[in-house]
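Structures incoming, each one as structure tokens.
Both complexes shown next keep chain A, but they swap its partner, so chain B is in the first and chain C is in the second.
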Partner chain A sequence: MSQRFARARRKEALLAYAFLFPSFLFLATFTYWPIIRSFWFSLHDVVLGDPEIFWMGAENYMRVLDDALFWKVLANTAFYTLTTIPISILAALLLAVALDRKLRGMAIYRSAFFYPVMIPSVAAGMVWVFLYAPGYGPINAALGAIGLPHLDWLYDSDLALSAIVIMSAWKYSGYFMLILLAALKLVPSDLYEAARLDGVSGVQRLLHITIPLISPTLYFVVVIGILHSYQVFDYVYVMTQGGPADSTNVLTYYIYQNGFQYQDIGYASTVANTLLVFMLGLIGLVALTLGRRVHYLGEK
Partner chain B sequence: MDATIAERPSGAGSPPAIKPTRRRSLRSRIASCWLHLVLIPVGLLWISPLAWIVLTSLKTKIEVFDPEAGFLPAALNFANYPATLAVAPFGTYLINSILVTGSILIGQLITITLAAYAFARMEFPFKKILFTLFLLQVMFPIYAIFLTNFVTLHEFGLINTLPAMIVPFVASGYGTFMLRQSFRQVPAELSDAARLDGCGHLEILWHVFLPLVQPTLIAFTIISVVTHWNDYMWPLLVTNSDDVRTLPIGLGLLAKSDSGADWTRLMAGTTIVVSPLLLFFVIFQRRFIDSFMHTGVK
Partner chain C sequence: MATVTLRDICKSYGKSETVTNVNLTVEDREFMVLVGPSGCGKSTTLRMIAGLEEITSGQLLIDGVDVTDLPPQRRDIAMVFQSYALYPHMTAYHNMAFGLLKTSKLTKTQVDARIREAAEILNITDLLGRRPKELSGGERQRVAIGRALVRQPKVFLFDEPLSNLDAKLRNHMRGELKRLHRDLGLSIIYVTHDQIEAMTLGTRVAMMSKGRLQQVDRPMDIYLNPANTFVAGFIGSPEMALIACRSDQRGTIRHNAFRSAVELKADNLPNDVLFGVRPEEVSFSRTAGMAQGKVEQSELIGAEALVQVRLGDELMMVRCQVSDAPQPGSDVGLDFDLSRARLFHAGTGQAINLVRE
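Up next is the complex of A and B:
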């Protein structure tokens, strides 16, 4: 009897592996192998198309440490991620709280905030180049109309990265808003009612009731935000090509420059590895800080 | 991560709205007036880039640079559209976009259905480790590993072909995760009953599970199509001739060849590229909103 049971289990396991095989084949070829290879390449001098690679040991890593541009690029990447994510989530939260009620024109509002998600990054980048244009761009025209000075936006090395941050907030807030809105709909309204009767103000209700109750979703949105921040490559490529003076150069773009423009695959792989570590660290940090504080509805 | 990222199939089995409908008090009516006062300007601000795309595509070249010209085009000028279509093979781009997005979707639906079923309903050694390995792809998408992937495809001789834009995306850790959540919600009695009737796993998957998780399949389809239809970086890196380029790449090239000067033609091109998805969005608004909305809800 038990032998037959064991055989059935073995059969199920084999079938399960067969089910996993198609996915695993593609994951192994296009996710695991490239990651492993990236570490292997970083220890070598690699030329594209040349099967011979030369051992360099830790030389590429020494170079990274001494590369002033690399540190600037890393700082830019950190700046982009650490501003874009909080700004878009804050905007998304405010919009979601505002829309979490019976409101006329609800569908229109939701679509108005959500549609940027569906615009290709290249199209979004191009339109914003136009909107930011120093001479004839509508943003400067609007600033002029209310008596503010014209800004050079993408041509100003102090402003260019912030300009991309603003654009990203426009692109992603609507998506985060939708996810938060779905979570808000599950918060029992008697909680608000009770708090309101106790004279708790709107801001306090947001901080002490709403945010704790939707914290699992907020945490999820932060993770999604980190994953979407990879896309900054598209905006940098389309809008600034890393300039002016490398003020918008980010890790993904720097990998591209080294690998594709300078054909230095070994060094580009080394930078790519720092990107992997950066993202892993960021997600790990978020999981350890925010993930720990998450409250689940109905759990003590 | 496991506990928070979860997907609720929209429609089937969604918990009832807890909020009781109350008679709208004067207080809430005043509040919603205030809200409109804030939301309308913010909404207009959000829509303005789209309005700018469409309006600029209908202007003349001179109008764009004229500071005196108003927000609206003086006369509707549709000439930019045929002009744009004439400078680049948008028909080829469109067909390529459809082929690439469609192939990715079909591949993904097959791989994620099988994998998600195994993770949700079967027992086997190393299940946890394998599942974590699947999620690794979510953390390290193509943006993180494009360089070595390019080398791999170069070795396969696939650079500048349509498959190059498809194969890296055929497996989807995210899709597997999403579908596993839905499969787990299917009552065990259903599959047990089918089991007793002598059905194998494949038959149960096909006849019992797939019909029940349709909302999730639709949600995944929408998210996958939006993502890959709009993909820019990877197609940019692996293509170098017009016969394999997709719409976003064609649009990017248009910007380069015009060196940013001819905004009217560029915005006409942008309108052409963004309209298919936006059109679908307008028609199937609820489906789109629901799909994206419930990607994050536990």
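Up next is the complex of A and C:
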């Protein structure tokens, strides 16, 4: 009896693996193999299009450590992430709270704030190049109108990265808003009513009820946000090409430059692997700090 | 503690009116139960008292002060919700402390003293460190009541607080609420759809239907003298039989199944009346009886039996001793307790005043 049972279970397990195989094959081809391959490349001198490769050992990694530009690019990426994520999440949270109510025409407002997400990033980049334009750009026109000096947004090495941060926050916040709005809908309304009867103010309700109760979603949004912003490429490519003076050069753009402009695939792979390590490290740090404070709703 | 006065309170959403002209005074230390079927406007009325719903028209006074336009936190009330509405990320202790710490001028020690005292009363001292998900339904409800108690408000509002509990726990908590009300002298307004809760808990019961108050009275008065057929049908289980009869001006009530006319005294009786009889106000006659019926079925419910009897076109329930229950299909004579019988206007459903001797 038990033997028959064991055989049936084995059969079931085999069937499960058979069903899983296609997606495993897909993952292996497009995710695992490239990771292994890029690690392999990082240990060699590889030139794009040249079939001959030469063993270099850890030399590429030593080069990364000595590469002043790499450290600058890393710092830019960190700055970009550590500003874009808090700004866009804060904006998204405030928008979501403001839009989480029953009012006439609310769907229109929600769509309006979500709209930036639907614009292709290249098109959005082009629009912001126009908005930031030094002479005729609407942003400078607005600054001028209130008596402030014009700024060379994308041409000033002290300002260009911040300009991309503003643009990214605009683009991300609609997306985060939608996710947070869904989370807000799950907070039972009688909790707010109980708090109102207790005399707890709106800000206190936000801090002590809303934020703790949507913390799993906030955590999710932070992690997704970090993954997105560490991989930022399109805005930089369209708006500044990493300039001026590498002030907006970020890791993925630097990988692209090394791999496809300088055709140094070995070094590009090394930077990519370093990026992976940093990203895992950062996510780990977030998991250990924020993740510990997440409160999950629901029954036991 | 305080009195609560509702004057011509109305609530409408757009064109549909859900609460119409409610006039009600809840006395100090009274346990007022708002009862009625779902959708009758009782919860809306309670939420208007709480300040969670805007009052469309009318006036709400607490201790004589007009609070109609005041926000909930300035009405000095506390509410216990059907879903408990405990903050899931806080312990029982913090659930009770949160509002007090954020809004009152009490020190931490004073807040702590209040929580310990309420916990003692509610027997939840051991549970204070737990979060809601680590508590059973009954324990959560106690914490929710505790959260209201520590506020020491003028009025307590309960919105179907026992509906989510199982039957046994519900009975138990009903007793606890009664004890709390008696021992602490609280003013309570309590919403339920459960007639047993209404009858057992209320010092007075306000019966609602279709957004209107039907009757406000002490539980026994509501039971014995319902103001209309709706109240007669809602309170009492099994419900009161309403037998359609013909009447003349002098109070002679006739029905095909009656052996002779029933004589009741009243002024200006309409031609069509409903003769209202509760199951315990009918008995099986050893002689021919006042009316002739046929037993449809008989149910044993422990010490008693409920017998369904057909009276002409109508069915009525008779409550009797198990040993007295006749066999289904048998013809029986029935006697009515005329000292408790009542008549309703067949058209309007309103009770008719009888002259009792």
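Just so we're on the same page, the second predicted complex is superposed on the first by the 292 of 300 C-alpha atoms of A that agree within 3 Å, B and C clash if a C-alpha of one lies under 4 Å from a C-alpha of the other, contacts with A are read in each partner's own complex, and residues count from 1 in each chain.
In this text, contacts are C-beta pairs under 8 Å (C-beta built on N, C-alpha and C of every residue); 3 or more make two chains touch, one makes a residue touch a chain.
Owing to the predicted nature of the structure, the values given are computational and were not obtained by experimental measurement.
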Return first, second, both or neither, reflecting whether A:198 touches chain B, chain C, both chains, or no partner chain. second
Residues of chain A touched: more by chain B or chain C? B
Let me test your reading of the model: by the given contact rule, A:209 touches which partner, first (chain B), second (chain C), both or neither? second
Looking at A:188, would you say it contacts chain B, chain C, both, or neither? Reply first, second, both or neither. both
Return first, second, both or neither, reflecting whether A:64 touches chain B, chain C, both chains, or no partner chain. neither
Quick check for you: in the superposed arrangement, does A:166 touch first (chain B), second (chain C), both or neither? neither
Contact-wise, after the overlay, does A:29 reach chain B, chain C, both or neither (first, second, both, neither)? first
With the two complexes superposed on chain A, say which partner A:93 touches: chain B (first), chain C (second), both, or neither. neither
Mind sorting out which residues of chain A both chain B and chain C touch, each in its own complex? 188
Write out the stretch or stretches of chain B touching chain A in their complex. 1, 3-5, 15, 17-20, 24, 28, 32, 35-36, 38-39, 42-43, 46-50, 52-53, 56, 64-67, 71, 110-112, 114-115, 117-118, 122-125, 130, 133-134, 136-141, 143-152, 154, 167-168, 170-173, 176, 201, 226, 229-230, 232-233, 236-237, 247-249, 251-252, 255, 260, 263, 266-267, 270, 273-274, 277-278, 281-282, 285, 288-289, 292-298
Enumerate the contact residues on chain C facing chain A in the complex. 50-52, 71-74, 77-79, 81, 83, 85, 87-89, 98-100, 102-103, 133-134, 147, 151
In the complex, chain A residues that touch chain C: 188, 190-191, 193-201, 204, 208-209, 212-213, 295, 297-300
Seen from chain A, its contact residues with chain B in the complex are 9, 12-13, 15-17, 19-20, 22-27, 29-35, 37-38, 41, 48-49, 95, 98-99, 101-105, 107-124, 126-131, 135-136, 138, 141, 170, 174-175, 178-183, 185-189, 216-217, 219-221, 223-224, 227, 230-231, 233-234, 237-238, 252, 255-256, 259-260, 265, 268-269, 272, 275-276, 279-280, 283, 287, 291, 294, 296
